[in-house]
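The structure under discussion is supplied below as structure tokens; questions concerning it will follow.
The chains carry the letters A, B and C, assigned in the order they are written, with residues numbered from 1 in each.
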Amino acid sequence: MLLFYILTQISVAPLNIVIPPNVISNIIIPPSEVTAYDNSNDGGDRINVEWSLSPDDSLISGYEIWRSEVKDSGYYKVGYIGRTNTHYQDIAEVKEGVQYYYEVRCRTSKYEYSEFTAPSEAATSSSQWYNTYKTNVLIGLIIFSFVVLFAIFQARKGKTLFIRKINGLDALDEAVGRATEMGRPVLYVPGLGSIGDIATIAAINILSQVAKKTAEYNTPILVPNCDPIVMSVTQEVVKEAYLEKGRPEGYNPDNIFYLVGSQFPYAAGVGGIMMREKPATNLFMGTFMAEALILAETGNISGAVQIAGTDAVTQLPFFITSCDYTIMGEELYAASAYLSQEPMLVSSIKGQDYNKLILIFFLILGSILGLINNDFILNWFHN
Amino acid sequence: MWNKLLNLDRRWIFIVTAICVILPFLFPIGFPTNVTPPTQRIYDKIESVTEDGPAVIVSFDSDAAPLPELYPMAVSLIRHCFINNTKVILWGMNMQGVGIIQMALEDVKKDFPEKKSGINYVLIPYLPYPAIIIMKMGEDMHKAFNTDYYGVSIDSLPMMKDIRNFDQIALAVSLTGGSAWGTWVSFANQKYGCKVATGITAVGAPDCYPYLQTGQLVGMLGGMKGAAEYETLVEAKIAEKGLNFKTRKAACIGMDTQSVVHIVMIIFIILGNIAYFVTRRQRNVA
Amino acid sequence: MRKSIPLRICLVSGIVMIIQFFIPHRYSQTVYNYTLDWLIVSGIFAIVIGLHSNFHLHITRIVRKRKGWGYNVVTMAATLSMAFIGIAFGIGADSLFMKIYRNIEVPMDATMFSLLGFFMASAAFRAFRAKTKEATVLLIVALIIMIGRVPLGYFLWHRFPELVEWIMMYPNMAAQRGIGLGIGLGMAAMELKIILGIERGWLGGAGD
């Protein structure tokens, strides 16, 4: 892949550049009333330019935006935007604190131009320390975090919390036990996600618990990876699990390996492992796409017990059809709390539920207000 | 007999499916294709772009696997842009995607030998971490890519002189077998207001509907059906302009196959259910 | 130490990135851009780790003549020959590299994807049974979608595609949004737990 990338960078082909003529047409009337002003909520590197449409807007292709640091001379082009537009945001190396003037002119498809407009008043860009457009996000973040942290502190005080039964997670023990009885390995497929995907992190959390069980029962675990960073983490997690269970000799780094980075070659590789190694238990956890059914059906043919867990909604029907148990959507994220029963983790799920209630309240309120043509909630969330 | 059917070896199903896939290719049926609104909206958006106006991005964000569904979409979209003299930026979030979009470009260029790189279209090379690249495109494309696929500086390309960020992009179409369209929606649309559409495999299409309703996706080409619909629209455009192209309607031919296979699958499901109920009754009687 | 240091790095960088999100100032943008650049750089190094693992796995299996080692020989031969052809003859549009890519890699990938059609047929036959009332509703809706999504549906009744669009737009979307909201909240809670070091499974479990 690296090689492919390098090679794509070095192939060169000749280019036939045509420089358009610069013809001024007196027939086309230029736009008017050019104004320029600092863009708010930015890093001091943007200026907004606005103008009134040319009366000949329908005859032209668009508007060229020119800029200068002196009002009467030294203008150079900084941008172009198609006709019917009256706004352009200048981002061409705008420096904070420098005064800029703007002129606009029309351009036709044959590269004929109108005269320039009169220069705008000076505009100066400045940085801001807080993005006011994100106030709703900040309030949401504070409420969400507060509710989750409150639930965690409640758990610290020793309050017991109920978490409903998740069959797929309960079956993990039994599935690993079956592999031990049959003397065959457990296959753990962490999906196509990268380490930045929450589903992959959830999958790694479950792997940690599964690896502790395979270490306990002395059953081999195979983990084919699609992403090299995920591979490094899964190796570490399985190693730690074996160490924790006092069986470091049982850990085989060759069993946790990088297979391939592409979707279907990965599916082919995992399918091959299923048919050759005949694992007694297949666990599919993480991000899956169209390869989900290929993996699950191949596992079904090989006769393995299968448990799948994903937040990819479109793949859930395939897993439900072909696997013995399926962990759906947010259940995947709850897995580490459920399996470890650590009060701090379980309580965070409670906090998540409280947040869900708040969201449902706003959904109902927004729907009712929407019915009476009041878009306050909608606009508040949208902005 | 019903018990036998209930435990039918899956290889029989595979054989019947294979026959149903092959036969319509040899003996095309030619079912008529109707155009659905999500497809029409993409077509209309590209139609609304004026010559020398903003550009259209066609990004092949997938490897070669979903090629039968996505490749006809890429060909039709590029062809449509070329017919209208609309500027096109071709890219791929995926390493193989760039190679595939180049293949589609070469195919379409057989009908448009006058179209030149840097003037009518720009092919962008693969760069890792596509989400970051999209964000950089939103800021300044000239900083996001230093050169085009052929190693020519972006700054020196006439077409790119007026294209700096998504303000000069009329539409970005992400062709994907996965969730790459979501990356475009999250970053190009939500962060920079770029209009985004997708061409997606049929299996991933249900995911897109919430985004179509909110307008975060302008339109959608859903699977082979969506590809066939766009082919039909572009074919009508070719006829309207009186052009003489050797258009191969790959997706429309594929739709015959899909129709037959769907019928066979429905028959299988019905037979499976009959067998299930008959055997259950026999068990209950016994 | 081995866990406490990564946990502290995670806490600090997580909080810094949250704060950065609300600050548009150019200093904040510089921090953000540096972070993105570092991500790209570390991603490229990770490819090297992946390649090392891949070569190690296949070569070990070949040397030890493990069961099925012939497959490993094929994989290594394909990888190395493609690399050699690319470097020696280039990867232009008409190069040998692209010819192999178009005529071998592309059909093989498409074949794997096409297997889905066969598996869908067998899975539907095996699992799509009207065992309960809910399953019966699901079955009927599935049949409508299957007919309406192909030209045959339009051929049989011109409003079939509209019915399918309605099903996709409303009942389908209601379910999708319900699951989606739960997933969104679950993700946010998970991120919070990771940043605060409450969730440590990704480091191999609890403890220091």
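Going forward, contacts are C-beta pairs under 8 Å (C-beta built on N, C-alpha and C of every residue); 3 or more make two chains touch, one makes a residue touch a chain.
Please read all numbers here as calculations on a predicted model, not as lab measurements.
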Pairwise touch network: line, ring, star, complete, or other: complete
When I count C-beta pairs in contact, which pair ends up with more: B-C or A-B? B-C
Chain whose mean Cα position lies farthest from subunit C: B
Please report how many Å separate the Cα centroid of subunit A from that of subunit C, as a whole number. 12
Could you work out how far the Cα centre of subunit A sits from that of subunit B, in whole Å? 21
Hey, what residues on subunit C touch two or more of the other chains? 43-44, 109, 112-113, 116, 120, 122, 124, 126, 176, 180
Flagged in subunit B as touching 2+ other chains are 10, 63, 65-66, 96, 128, 177, 203, 206-207
Going by the contact rule already set, what residues in subunit A reach two or more other chains? 1, 4, 8, 11, 13, 262, 264, 290, 313
Touching residues (chain side subunit A, partner subunit C) in the complex: 1-4, 7-8, 11, 13, 41-45, 96, 127-131, 134, 137-138, 141, 144-145, 148, 152, 198, 201-202, 204-206, 208-209, 212, 227-229, 231-233, 236-237, 239-241, 244, 254, 257-262, 264-265, 267-268, 272, 276, 290-291, 293-294, 297, 311, 313, 318, 321-322, 328-330, 332-334, 336, 340, 342, 344-345, 348-349, 351-352, 355-356, 359
Of all residues in subunit B, those that touch subunit C in their complex: 8, 10, 13-14, 16-18, 21, 31-34, 36-37, 63-68, 96, 99-100, 102-103, 106, 128-129, 132, 135-136, 177, 202-203, 205-207, 209-210, 212-213, 223, 225, 228, 255-256, 258-259, 261-266, 268-269, 271-273, 276-277
Considering only the defined contacts, which subunit C positions touch subunit A in the complex? 18, 21-29, 42-44, 46-51, 53-54, 56-57, 60, 67-68, 71, 83, 86-87, 90-92, 97, 109, 112-113, 115-116, 119-120, 122-124, 126-127, 176, 179-183, 185-194, 198-199, 201-206
Footprint of subunit B on subunit A - complex, ascending: 1, 4-5, 8-13, 15-20, 61-62, 64, 79-83, 88-89, 91-92, 107-109, 192, 262-264, 289-290, 301, 312-314
Which of the residues in subunit C end up touching subunit B in this complex? 36, 39-40, 43-44, 93, 98, 101-102, 105-106, 109-110, 112-114, 116-118, 120-122, 124-126, 128-131, 139, 142-143, 146-147, 149-152, 154-155, 158, 161, 165, 168-169, 172-173, 176-177, 180
